[in-house]
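Note that the chains take the letters A, B, C, D and E in the order they are written out, and that residue 1 is the start of every chain.
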Amino acid sequence: MRDYNSELSKKTGMPPGTLIHVGDKRVEEPKLTLVEYNGDNLEVHVSQDIDIIKDLEFAEDRKIWINVDGLHQTELIESLGKLFGVHPIVLEDILNTNQRPKTESYEDYIYVTIRTLFYERLENTVNSDQISIILGNNFILSFQEMETDLFKKIRQRMERPAGIIRKRGVDYLTYSLIDSIVDNYYLLLEDIGEEIERLEDELINEPSPATLQNIHELKREMIILRRSLWPLRETIASLQRDESGLIKESTDIYLRDLYDHSIQVIETVETYREMLSGMLDLYLSTVSNRMNEVMKVLTIIATIFIPLTFIAGIYGMNFEYMPELKWEWGYPAVMIFMATMAVIMLYYFKKKTWL
Amino acid sequence: MRDYNSELSKKTGMPPGTLIHVGDKRVEEPKLTLVEYNGDNLEVHVSQDIDIIKDLEFAEDRKIWINVDGLHQTELIESLGKLFGVHPIVLEDILNTNQRPKTESYEDYIYVTIRTLFYERLENTVNSDQISIILGNNFILSFQEMETDLFKKIRQRMERPAGIIRKRGVDYLTYSLIDSIVDNYYLLLEDIGEEIERLEDELINEPSPATLQNIHELKREMIILRRSLWPLRETIASLQRDESGLIKESTDIYLRDLYDHSIQVIETVETYREMLSGMLDLYLSTVSNRMNEVMKVLTIIATIFIPLTFIAGIYGMNFEYMPELKWEWGYPAVMIFMATMAVIMLYYFKKKTWL
Amino acid sequence: MRDYNSELSKKTGMPPGTLIHVGDKRVEEPKLTLVEYNGDNLEVHVSQDIDIIKDLEFAEDRKIWINVDGLHQTELIESLGKLFGVHPIVLEDILNTNQRPKTESYEDYIYVTIRTLFYERLENTVNSDQISIILGNNFILSFQEMETDLFKKIRQRMERPAGIIRKRGVDYLTYSLIDSIVDNYYLLLEDIGEEIERLEDELINEPSPATLQNIHELKREMIILRRSLWPLRETIASLQRDESGLIKESTDIYLRDLYDHSIQVIETVETYREMLSGMLDLYLSTVSNRMNEVMKVLTIIATIFIPLTFIAGIYGMNFEYMPELKWEWGYPAVMIFMATMAVIMLYYFKKKTWL
Amino acid sequence: MRDYNSELSKKTGMPPGTLIHVGDKRVEEPKLTLVEYNGDNLEVHVSQDIDIIKDLEFAEDRKIWINVDGLHQTELIESLGKLFGVHPIVLEDILNTNQRPKTESYEDYIYVTIRTLFYERLENTVNSDQISIILGNNFILSFQEMETDLFKKIRQRMERPAGIIRKRGVDYLTYSLIDSIVDNYYLLLEDIGEEIERLEDELINEPSPATLQNIHELKREMIILRRSLWPLRETIASLQRDESGLIKESTDIYLRDLYDHSIQVIETVETYREMLSGMLDLYLSTVSNRMNEVMKVLTIIATIFIPLTFIAGIYGMNFEYMPELKWEWGYPAVMIFMATMAVIMLYYFKKKTWL
Amino acid sequence: MRDYNSELSKKTGMPPGTLIHVGDKRVEEPKLTLVEYNGDNLEVHVSQDIDIIKDLEFAEDRKIWINVDGLHQTELIESLGKLFGVHPIVLEDILNTNQRPKTESYEDYIYVTIRTLFYERLENTVNSDQISIILGNNFILSFQEMETDLFKKIRQRMERPAGIIRKRGVDYLTYSLIDSIVDNYYLLLEDIGEEIERLEDELINEPSPATLQNIHELKREMIILRRSLWPLRETIASLQRDESGLIKESTDIYLRDLYDHSIQVIETVETYREMLSGMLDLYLSTVSNRMNEVMKVLTIIATIFIPLTFIAGIYGMNFEYMPELKWEWGYPAVMIFMATMAVIMLYYFKKKTWL
């Protein structure tokens, strides 16, 4: 997530409403998927061309879902926007892939933007893509930076005629799309949770500077993740409060459930962040502890042997008149004296619980 | 509480309303307890089969409490749900045992979910079970992951005909169930409080890396516990504010009391967390302090004996022309000089309050 | 304050409304003090028996204040409660001496609970008693865990016929009681403030592990104190907002004053807590500083004498062919060389500002 | 600011409304300044006696400002209060010089209390005086603990007949008084800001324990200052919201400006506090850094010379059968060996970037 | 940003409404740029004199934008203010270049003040200029401390007749001006983000006291930046809520977009601040880690060689009766004994994972 803001400046100085793709080009060619469905039928068309949409006939009993994978062909987005009457500033937001999650109500449609998140364990980073959804009267437009499995699964569920998703309106489909994204966060959090456990074990059993590095990186990702997820709560609450009539009452109960999930996700990130902070503090204490142990070993050795070496040094002096050197028992006497000193020292350290 | 999120991903990609038990299977067979009661009578039926409920006749003057222990037989839950008209998304929440505590009002019933907590001192962890309660017009459904003592005690109190619990409606019974759960938190907090006191004593008297480890683990549990308990306040406040008429005015005063308890519980967890943070800081200061003591001992020994050893080393040199070596009083003079140096050093350390 | 929660579990599993004294028995026998007063008269009766109250005649022009010292005789409390129509759940709160400060409005009376605080400097702990006050139409009931000076002083003020307290209603008396408790907090805070100053001086002049211990203990007490005092603000605000008519408009101005005091008390505790946190940080820096000083002394000594000792060691070797040993000026040359080295070292340390 | 709470307890146990001066006696004799003014005239009377006020005639077209310097003559305050119909509890607040800043609306007047602040750089402390202002229909009473320049300057501005202050009502004068106090905070903050810069430079260039001490003291003052200034915002907002009509609409725009200033002052204190916290953290890291440097020097010296000294020690042993001692080239061989070892060690330290 | 408050005191003691330029003189001569425009025409006049404005004719179908670069000629600002009916206190705010961002609604115009920010990487500081905008019925006045590129670009965009900016009212121009300032923040944040990345790399690969210094400085700038940007959100929200009719409904959608940007900017600053805090903590742990490594090297060397040196010292003693010295195999025996001791020590360190 290092480059989170790195392209924001690309647009500086441009008049608002200028359509420029801010973000990486993730796919070669944008792909358009048109799904027309109602309780009885389901038709799927895939194309790289906008022409298949131009001949589209709107009908009361047909719901339309158009999904775009790949955002760098701005003309495609612009044409789509004109066709469905989307305000240029919304199109600008769709193309600028650094949006905070948000819900905006317009006269004829609701614009929701949200992020999918991917945790890359090897690099300890969380990457994210922007998903934009426009919910109209009888249609949904969805925009992804690249094709993901998330929406494909929804499409597979739609193929079953008995599915609730076919019977209900496009508001329920919108809910399903957002729900699949939020559900995916749990996978992410589970992965991160496992990494935290692994790091905690490592911290206790064999801490190394790399452990410190990993904890720090993961905590930094949590700070950035929190920034990305914090607005999620308000995004879904805004959908719930929507008064345009585009969201039917029967969908409310599902949005409430989604709201609970979003809070749970945010709280988990917050908890992880606090746990990682605690682990960083623990690391510092542990290092201090081990330094203390090292110091004790050094001190014990030095405190025992430095005085003894001094005594040996005295009897190594070459003075002519040193009566002790002539004594027959001088050598054993000094040896016994030194041994006694060492024992007293060891007893002293024992009492100080350094041993 | 390590695996708090570990099964959340099981449901990813499923359509909403899919009934899957998310959590561990805690009992072999689910157990159904049916309690029919009013001021005069009390009948208890226990079964593993839903049939005993199918013949149930609803009567104005009879209140019904159905308790389910064990959630892994989803068909049982589904049948119960259909019988009492519970929305599938509520049943999904009952089976997904990772809910945050919450109160949700529906047209005909109120859904409350809350967690029971158990502190396992040996492992310094707090485990939790999810309890779900559905309060209807004249009935209560309660769902536990496994049988606990909490609800059994309520049932025993109900057997006394004079008890207030028999005379009042199912809203009072709901209160009693939640109250018994919240009361149980006090036991948990008391256990944790004792552990904190024990750790504080240990920290002051004989701190070891294990003490640090324990404080850290307990603090981590407090972070997770806070996340579990924080929504409790809102859960009970929502019950108080309920306008469906299912909660009678006479129960309000009890819910207010419960609300006070919930705040007290949350504040205690917060206080514990802050106290444990303080203890971690204290540990670091204590380790630094002790390292300082170790350093002082080393420095005193080294500072006294290293110069003395040097002097002894000088007179151990084998130069032919060293006049001092020939002096008769050379040896005692050097000894006195060295003793004087040592005394000066000790005086210097005394003045620096290192001794 | 260590045992703050230690008896909370005593009530677990009891039906609500069960009257059990949760707390220590602080007095041998409970004492009942009945004060009947109006502008003209004041009668005081003291008894250990409830009988003196049973014959009590209520009269429009007489105000009644009943104070109970000692809470362990639950029957006494129960009889009193029945006589004045107090709800059992309120009586339960009176007996459970671990309440948070709060104001609860009932139909005929207002229930206020608040804590008196005592700082025991020797043990660095803050102890607290629970005071409960029931303000009715023309009467006050007050409950203390043991007799204190606080209420006695109020009674003495009431004996002066000219006193405002005699002329005004029981709402003013309620204010006076709470005011005397809050005023007492200032004494507590002043004591703690002096202790903080003393510790700060100690920290700067002669820090010891005991200083650290004391700061930590005081900070812990501040955390617990904050928990006790935080609800005080809301308690008094609730009294101010009361709409039952039991609090007359003329008392409002006094409650506003009390409210200001309560905020001042809370802010002072918060300030103390932050100051103590700052002192803990300072302690750690100070210890590191002093360790740095110790290390410098060790390093200077070792860096000067270890190389010199090595040189002395070289000329102490017993090789047969060491020409220097034979030189006439060998010894003084080596001595001058060593002195030069020492001077260079000292200059280096000087430049590094270690000296 | 050490004695901030030290006299609060003086009033404990007194009935409310008792007029006692809580604070230091800062002037010998209280001084009364009476200013009568309107657009055309300005009369100033100074006296130590209240008599000059007693003959005061109120007139629609004359505005009156009475300023009192020195609060220890309670009778003077009391007489003034009675004359202008001020509630005893307000007089009590005026005399109790430990108030938080606040605005209180009464029927006929508004009571504002606010603090002037003085930074004493030598002691690193912030002292404060309490200013009380009573704004009535056509009069202002102001009370200071001692005479300051602030109000004198306002009086000088009033002497210019063209000044807006003469034309407008007493509400504008009130604004002017408060504005002059808040403006003075900027001076204080500028002084503290300069001290912070000085300390930061000292921290980077030549940190000493005294630097640590100063940063700590300044941070403590910021904690206390924040407590004093935090209520300022609400104080001025209350004035803005006032609905008594004493504050005219034309003054609103000035109060809004004052409100902005008060927020700016509070934010600056908060910023200073955070900057000082950052500096304390930096100090700890810097000390650790320098200890690390010291340790490296010690380790390099010890690691090079201890093994060499050992080798010299070996050839200083007096065994009769040590063949090396007899070799002609033994001595130079050992010297070369030792030099090689030293070079290898130095290379190793170079590689570890310790040199 | 060091001198942020340094001139605030210049105005102390002045009556409100006194026009004094508080800030540095950034340009030699103030420059006036008058832009008259509508959908069809655009006229630009540049002058240092106010006369060109005096002959200005207001017409319904012409919009006027007057930009002033350089604020130290107070008479110019005053004349402009009088001409357009701006309240003196607003002019005072325009000249006092230390304002917090804010929006103030007056009867006939809206006053917005906001800051441009420039990051100077070499000094690790963020400098800022104050921009004031007055939006009237058909005119805009804008005031800058010095000429910047930001507004010049807007003027260039206005020269294109097809541009939306020409067709819409002055409210849209106001939005465009603020938008160009906020867009510029992204450039600033990107620069700071890159510096943070660079510092993080440096921290991991080759931390030095200068790294610490840089992180600290950048964090301090973030604290100050947060103070400057925090009110931005409210500033734009106030514009959105404006009810004067000066802001047309069609501009609302653009302001909403601007509001999102402002939140994103604030959150990024907050995230940076937290990341820098994390890096400071990491630095401390890293230093401790490295000190630990240094200590281990010292301890290993000392623990191996000090006892060996002691043994060598023993056989260097000059006692006459030391039988070992006479043994033929004494020397090799001692050497083998010492080697064995060294090996045992090394094995012990290996087991302790110090090697």
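In this text, a residue touches a chain if its C-beta (ideal position, glycine included) is under 8 Å from a C-beta of that chain, and two chains touch if they have at least 3 such contacts.
Composition by chain, UniProt nomenclature: A, B, C, D, E = Magnesium transport protein CorA.
What you are looking at is a predicted structure, and each value in this text was computed from that prediction instead of being measured.
Contacts with subunit A and subunit B are shared by no chain at all. Counting the residue numbers that touch the partner chain, subunit B and subunit C have less than half of them in common. Taking each chain's centre as the mean of its C-alpha atoms, subunit D lies 26 Å from subunit E. Centre-to-centre separation between subunit B and subunit E, using Cα means, comes to 42 Å. With touch defined as above, residues shared between interfaces to two or more other chains in subunit B number as follows: 284, 288, 291, 295, 298, 302, 306, 309, 313, 316-318, 322. Taken chain by chain, the contacts form a single closed ring in which each chain touches exactly two others. Passing around the ring starting with subunit A, then subunit B, and so on, the chain order reads A, B, C, D, E.
Partner subunit A is touched in their complex by these residues of subunit E: 153, 157, 163-165, 175-176, 179-180, 183-184, 186-187, 189-190, 193, 197, 204, 253-254, 256-257, 260, 263-264, 267-268, 270-271, 274-275, 278-279, 281-282, 284-286, 288-289, 291-292, 295-296, 298-299, 302-303, 306-307, 309-310, 313-314, 316-322, 353-354.
Those residues of subunit E that touch subunit D in the shared complex are 2, 4-6, 8-9, 11-17, 87, 89, 92-93, 98-100, 102, 104, 206, 209, 212-213, 216, 219-220, 223-224, 227, 230, 280, 283-284, 287-288, 290-291, 294-295, 297-298, 301-302, 305-306, 308-309, 312-313, 315-318, 322, 324-331, 334-335.
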